[in-house]
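To keep things clear, I will list the structure first and then write my remarks on it.
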Amino acid sequence: MTMLQTDSQGHLRHFLNFDDLSYQHLISIMDTAESFVGITKRSIKKVPLLRGHTIVNLFFEPSTRTLTTFELAAKRLSADVLNFHPKTSATKKGESLLDTLHTIEAMQCDMFIVRHADSGAAHFIAQHTHPDVSVINAGDGSHAHPTQAMLDMFTIRHHKTDFTKLSVAIVGDVLHSRVARSQIHALNLLQTGEIRVIAPKTLLSNHIKTLGVEVYHNLEQGIKDVDVIIMLRLQKERMQGALLPSENEYFQLYGLTANKLKLAKPDVIVMHPGPINRGVEMDSIVADGPHSVILQQVSYGIAIRMAVMSMILTPPQSQ
Amino acid sequence: MTMLQTDSQGHLRHFLNFDDLSYQHLISIMDTAESFVGITKRSIKKVPLLRGHTIVNLFFEPSTRTLTTFELAAKRLSADVLNFHPKTSATKKGESLLDTLHTIEAMQCDMFIVRHADSGAAHFIAQHTHPDVSVINAGDGSHAHPTQAMLDMFTIRHHKTDFTKLSVAIVGDVLHSRVARSQIHALNLLQTGEIRVIAPKTLLSNHIKTLGVEVYHNLEQGIKDVDVIIMLRLQKERMQGALLPSENEYFQLYGLTANKLKLAKPDVIVMHPGPINRGVEMDSIVADGPHSVILQQVSYGIAIRMAVMSMILTPPQSQ
Amino acid sequence: MTMLQTDSQGHLRHFLNFDDLSYQHLISIMDTAESFVGITKRSIKKVPLLRGHTIVNLFFEPSTRTLTTFELAAKRLSADVLNFHPKTSATKKGESLLDTLHTIEAMQCDMFIVRHADSGAAHFIAQHTHPDVSVINAGDGSHAHPTQAMLDMFTIRHHKTDFTKLSVAIVGDVLHSRVARSQIHALNLLQTGEIRVIAPKTLLSNHIKTLGVEVYHNLEQGIKDVDVIIMLRLQKERMQGALLPSENEYFQLYGLTANKLKLAKPDVIVMHPGPINRGVEMDSIVADGPHSVILQQVSYGIAIRMAVMSMILTPPQSQ
């Protein structure tokens, strides 16, 4: 499984997680995304970079919001986009995942954007695709969601210059969050000064400390003097199990309010992958307040996805 | 709410209803549409006017037919189109309408085409969008459906030159029809000679006469010597309430037959927004007969939507 | 119904079945497809041939896989594509098929790709469309699926030069298969040396011999010394009736294994329209083995559909 994501010259071939990527890869992705931020502000928000390429959204798990960002990123690179929802297709008739995969490949598609409820699905697909086909992980189980983490890093870089001097707090259901897992890996690769994780004990695994993070069970203590607060989305499904108290109680303990926010640095930024559960993860006054960069995250998400797609499909030697 | 739809120079910013529009706005829309009628007759039915613009169909209420006309209009202007059905997206997870809206906005979209079951929804969205984002109302509750009304006006203009000399009859469920409401406003703005409304008493509100129309409860009397007959679509859901007699009885009273049509002017045109309930609103011999311009309405619908989209997104100063 | 598919100069107007097509038509389609195979291997897999044309996928019966191949073929010709699923549209509200059809036509669409559960549906639509609109049959009931048959012929031609010297076996549910029906017609038009049909008696109709095929009920005898084996997909729905034994028993009798395959010519090719039921129609070792050309069929399917679309929409006189 070594170096699945990069070719022999270190160029990106797939984007699945952060396991075999370097500091330099992350910097390249962000630098490339920077050039696309400019494009999305022009009236013609489009470049012909991927004209004639076919990008397939292969969403085994529905997610309109994530699908939309990838579709838009692909269209702004002038690629042709196919949305393929395997649940409503041949897989119903008993066709295996690999047969579906090889069939779409045979239509000369260049890239799969894979969303799947099972951890490792994107990896599995990348291992079995044709060498000419690339895979981007758009969220697999509780494993990884690397483009989300990259847009978070990109948003942080726009507000805070030097990662080594930053203190970043991640708040919420870290245990089940592929976003948190990817964020921690990315923050580590970028040599972030301090990474804090704030969650109830039921929403943290024992091995969390091996990831190089400080663990807090108290929000006030955890966000004290931090530069960045990343709120995770609370999966309401968890509420029904024994893992979590009621929404109200959760908000009392881990919800971000304007008062609590004062404990952080004066120029703290507040992030959230969206959609927000207002009154659960944070107060509306925080979500819509001056520290919130939540909508910027969405904007930068397009640029990051354009960057990853174009770096993979038009590597330096072929440009 | 004054002048929400136009900017300080009077250029169209949104298209929600006819409240703050002038005679001249309607003429401009029709004149612009005229140039697109030519394009849709060429073998390459496409102009690069909106290349690189992103238009989002935000349909809270499903309507394949209306969606298709907007999608096609956008594609023929070379815009990128996203179809976003909020019911199947994050709104399910508790995200509010405005959060959905601001999220899509943050992806640098240029225009929302809004269809919603609630009157005023498009207006609400236009009031809360980013200043760079425009809204077209594709039907909101029983309030308005202005592009449908404009394509109707455009169809009339193609057959009858001078609105001031016309007698136009609107037949059917005027009470619940956003189409009728928009048609009456548009016909008034175009200084139509006479506007008649023909409906059972249960399908008319008391304030209808304040709109400057003549009310008839008898079809034969109402269509006598008119130049234009606009049949409304009968929402069969109404049948189950006490508002309407049976389909058969309705057809006997308000259905348009070849015989009744003879009461109108010899060159009368018959319109219907589609889809027709044959044998309820009119006989097939009328729907498919020489006076029917129903399919022309569909064709002109594309040109009208191209006109409104391009006028809003490429105002004179920026062209 | 004579010459519905071709114009007075013999150019293709619709593609519905093989009834009024000639040997030369099939050769032209394959020769045109050849030029598109090259395009799909380039990094920019796109030509501007159908720019500004609108192609509508009118799928009354869902089929993600077939829809995808037509959508991709259309996009690679630079056409605009609309996917229209009539079940979720106005037809629900009682609009008749023809009204739906004429409405979409009125939007100046150039081509319908029709998939329907009823035999003859595409034909019916072609007979009633506007003269400027063309129809491609993407599968109608148990009648025909001509683009699938053409991609099969094209795949055979890539491996075997001369159809007159070939022995081709079609194995499986011939009775219900529109694919088989179209394959037999196409193979006959191409003057194939020998066409064998191998199936249980319950899956063959009496008039099958009138199609110029040899009938076998035993797989070993039927595939002896053949050059091409076309396996049909087993519709599992048939299992529930009395027509078929269990899956296991079917596989014992009609499933293709590596051992049985040795009875055919050493350079035999094995085809299947997909998706495969592994362990029912054939062993995985055959499906993925050196004789299998199943994924090539998928690739060539794009080229064949591009060929048919472009031949119909850009006939020689208008190019």
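Observations
Read from first to last, the chains carry the letters A, B and C; within each, the first residue is number 1.
Just so it is clear, a residue touches a chain if its C-beta (ideal position, glycine included) is under 8 Å from a C-beta of that chain, and two chains touch if they have at least 3 such contacts.
Owing to the predicted nature of the structure, the values given are computational and were not obtained by experimental measurement.
Annotation: the chain A:chain B pair of sequence copies touches via predominantly different residues, less than half of the used numbers being shared. Rotating chain A by 120 degrees superposes its CA atoms on those of chain C, with the angle stated to the nearest 5. If you average the Cα atoms of chain A and of chain B, the two centres end up 41 Å apart.
Not a single residue position of chain C touches two or more of the other chains. Residue ranges on chain A touching chain B, taken from their complex, read 40-46, 62, 64-65, 68-69, 71-72, 75-76, 236, 274-278, 295-296, 298-299, 301-302.
Chain A contributes residues 51-54, 80, 82, 84-85, 88-90, 93-96, 99-100, 102-108, 318 to its touches with chain C in the complex.
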